[in-house]
Amino acid sequence: MSVICRKLCSSILSEHFGQIVQRVAEDLFKHDARPLELICCTTHLPLTKIKEALCVLIKHGFVVYGQTERGLEYSLIHQNILLILRYPKYMFFVKTMCGDESEMILEEVLMSGYITASEVITKTYKKIEQSPSGLQPSVPVLKEKFELLVKNQFLTRSLCTDTVEEKTNEKPDFTLPDFNLAAVIKKIEGDNNSDPGDSKIYWKVNFDRLIQDLRDQIIVSAISRRLDENAGELMRQLLFLMYLRTASWAHTSNPIPLTEIKEAVKKINYPLLAHHLDQYLHLIEEDSSQFLKRVGESGGHFCVNMKEAFEQLAWATLENIVTERFGSKAARIFRLVRDKKYIEQEQIQQLAMIPAKEAKHLTYTLLQENYLQIQEIKKSGVSAAPIKTFFLFHIDLNLVVYMEVQHCYQALYNIMQRREYEISSNKRMIDKQLRMQTLTTNLKEHGATEEQLAEIADLMTPSEKQQLEKVQNTIKKLGITELQIDDTLFLLTMYLRYH
Amino acid sequence: MAGRGRGRGKPSMSISTEQLGFAKGETLPPPVLQPPLKYPLLEYKPLPLNITTELSYLFELKKGYAEYMRESPNNVLPVVVKKDIERYSDRYQDLITDKSSYEIRYDWNRMPIELKPQLRKRKEQTVESPKKKQKNIDVELKLQELEKKENSQQSDVEEEEKEEEETEEKDDEQVEEEEEELDEEMDEGTDYANNYFDNGEGYDDEDDNLDDGPIY
Amino acid sequence: METEAGTSKEQNAINTDTNPFEIIEQKILALAQARPKGITDKDLIIEMPELPVKERAQIINKLLSQGHFDLFKQSGSLLYRLKDPSKAKIAKGADNEEKIVYSIIEEAGNKGIWIRDIRFKSNLMPTQLSKILKSLEIKKFIKAVKSVAASKKKVYMLYNLEPDTSVTGGAWYQDQDFEAEFVDVLNQQCYRFLEKKREQMNSCRGGPIMARNVTFASSKEVWKFISDLGISKVKLSVEDLEMILNTLVYDGKVERTLSSDGSILYRAIEPLLDSPGLIKSTCGVCPVRKHCYDIGDVTPTKCQYITEWLE
């Protein structure tokens, strides 16, 4: 793992869990697996604090432990830390799939790491009560929503498998929760002795499922862009049919019979798609993106090719990056090299139709920035003739993707650092606003007059208000940029997962 | 500055101006006399960020989650140490904010016992699977060992304390096999005194002790 | 080449008294005369499809052995070129060195040869060589042509030869200068044409495949559109235009397909992805990213690019 990835993870942890958790994790980063005593040695933190930090890290799935001959050892799973960047997207996805209450339930689970069903419902109930969303809190509805999340496999049982050796053979368990509804209601009403009967049955977020869903969204929207909405919807149906018969993360789906595709399309309200299904299948299959393959002698089966799809998408991403960093002529050269696989400088300028000097400059810029690689080929001609050397340009896709993943890490880290800086250098004003907000809410609760409220609002001068707004916009812009960079990171990570 | 020091004679690289794309006689660009700018002018600007309502919503979620986590007990806060004054009450403070805070938040059935704020010894009997028991015992033993070492090196600990702990440890050794299942609620009060001493005193010494702790 | 020369002797014996062969011989010679650049086997097949392969080889071998033809190899195929009558002249009025230089240049054909390569091959001293070259140039046996490739180096070739497009650069060069702007304009116009075709698909009611098919345009169609626009001073061939269309393919804006009848079809396409989020941040396009650390002159908190971008 690279230094920049470590710094990014560290920064994410610090933002959410504070310095101590960050320092403990940092120690595990540097040393891989190690026992408590050694963490204590190098971090110089109080032992109890280290223990507490490890508890937090374990509960959120960032640290696992295992028994070794050296004792109990803790190790970090840094990929899970990077997932935090994407939590908002998981919540939003669940919102669109299962509704607002489900989103809130998921958020609660994310906040706890793992939690019992009754507890998460209680918490969500209280949250809805307090929120101005206009939702009516209801325990049966929340239970239903919780079950919906389990049925969709967004939540899964959290078994006691945080140890390294057990982690590998863990099978997700989606048995529906069973607890006493009435007891939960009683508990909410304040009866602390009421027992919902599901203590020690914990639930956690099934990230694997959500990652696949975000992955599928990319595929669907790519096809929608390339062809049209109908084709995009067909792709969605194909992915759904793929799940029914294929192991997660398989490179290609098992063959899907045409009849089943027809059935699936009939059930959704896309009349144009249903009418032209054969044609749409043909179009997706024929498209250069090659997301779909026709198989079998009769031609009545289709395979979704995930591996190929992400290769195409990774190329498209890189081409875009080259365009924006070095201009469209550089991107032309990049695509040309991709197309020809191995190509000489002279051919580049001829085929790209770019003046020799400019073509050379761009090619060498791309070479210098590692988007292109060079290969030397020595060819001995007729006997006595001097050995001729050819320099061929080519692209090592995996290498370039890996490089851009690092680029994403750095961009994320930098933007986060900057956001942190903007917040801390305007801390006084932000705090002031926070205090005023609390004051206003308190006063409102106590029936303060308009005048009193206006008085508080005046505590901040117009120029201060202006400044505050500017700071808030800055923080928002930086935050949104992080979300956007993460999109690129996600796509490239998906490519690496398949290749 | 590359090439400096290779000095006299032939340059190590023999790239002619022609190879660099300049024809013979063509005027070469003037030598660069200024140091490069720290932030050279951007030839290509980043694409505009289009803030959609969806993105704004995602940002609110992101902000909300981060703020909640920072405010929550998941943010492990450092202990405020005021050594010179009011030592006694400080310890008392630690006890409240520290010990009681995180222990009750975790289900110790599925957490390494060694992570408990303080090893609490009690005679709770629950039968666990043999495999699991084995594992926990190892941890327990390790920690016992560690604690012993720690204690033996504690020079400034009062005699009384030491004795108390030793007796406790003897106790523990007899019961350690049954210790996996620890019931948090029943913990309160019983071991109050022990906790009190360990928590307050242990902090600064722990590091030093562990430096010469068990060698692996 | 050697094997052919070897077999030619015995075949000559058979050929001498057969009349139809002489007619064919004349035909081939006339063809070669019409094409001073030379003729290939392919040309012969096209011009004389009825001629069997074996006989064609026999005749060619005969002509070669009689010294009518020079044999060249060009891009993998053999090229027969009528021997230059001027060669006879040089044989008379020149010394040995001139003859050597001349034959080296002759060998290079219409692609020409660099002075350095002549020097290597002839083993002549530079001053002597340049004297000879000058003399040959004055006598109009050879000429110097600026090549567009390799930074406008001069190449030498026989005086009467038309320089190869690799030397002149073809339609895209004027006086050895690449006309980048002209190429860019054509690139844009071709795209405009294909984009218009793509817009037609919105009004197409015959199903998605038919809608896609209206977006296709053959290179000939595009060529006609460009010719009708009248933006080109020089006459462009369909092949010239295919070169332009290919740049659009490398721009990622156009896709190229081979139709069932073998013609090349082009169509404007939508990219698979929106621009990636990475390049919406300054760090995505940062030129000094490699110098960016937590401390020093370039840091995320001090970064001027971010500051500007936040304004």
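Letters A, B and C mark the chains as written, and numbering starts fresh at 1 in each.
Here is the rule we use: contacts are C-beta pairs under 8 Å (C-beta built on N, C-alpha and C of every residue); 3 or more make two chains touch, one makes a residue touch a chain.
Keep in mind it's a predicted model, so treat the numbers as computed, not measured.
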{"item": "Result of counting contacting C-beta pairs for A-C and B-C, higher pair", "value": "A-C"}
{"item": "Middle chain, criterion being Cα centroid separation", "value": "A"}
{"item": "CA centroid of chain A to CA centroid of chain B, Å", "value": "25"}
{"item": "Where chain B and chain C are represented by their mean Cα positions, the distance between them in whole Å", "value": "66"}
{"item": "Distance between the centres, which are taken as Cα means, of chain C and chain A, whole angstrom", "value": "49"}
{"item": "Multi-chain contact sites of chain B, meaning residues that touch two or more partners", "value": "21, 43-44, 46-47, 49"}
{"item": "Overlap residues in chain A, where contacts from two or more other chains coincide", "value": "324-325, 356, 477, 481, 483-484"}
{"item": "Touching two or more other chains - residues of chain C", "value": "151, 275, 279-281, 284-285, 303"}
{"item": "Parts of chain A lying in touch with chain B, wherever the complex brings them together", "value": "15-21, 35-38, 40-41, 44, 46-49, 51-56, 58-60, 65, 67, 70-72, 87-89, 91-92, 107, 110-111, 160, 162, 200, 202, 324-327, 356-357, 360-361, 476-477, 479-484"}
{"item": "Chain A residues touching chain C - in the complex, by the definition given at the top", "value": "222, 225-228, 230-231, 276, 279-280, 282-283, 288-289, 312-313, 316-317, 319-321, 324-325, 328, 331-333, 335-336, 339, 346, 351-356, 358, 404, 407-408, 410-411, 413-415, 417-418, 421, 474, 477-478, 481, 483-489, 491"}
{"item": "In the complex, chain B residues that touch chain C", "value": "18, 21-23, 38-40, 42-49"}
{"item": "Touching residues on chain B, where the partner in the complex is chain A", "value": "21, 43-44, 46-47, 49, 51, 54-59, 61-63, 65-66, 68-70, 72, 74-79, 98-99, 102, 105-107, 109-112, 114-118, 135, 138-139, 142, 146, 199, 202-203, 206-207, 210-211, 213-214, 216"}
{"item": "Complex interface listing, chain C residues touching chain A", "value": "148-151, 172, 178, 180, 183, 187, 207-209, 212, 243-244, 246-247, 249-252, 255, 269-281, 283-285, 289, 292, 294, 299-301, 303, 306, 310"}
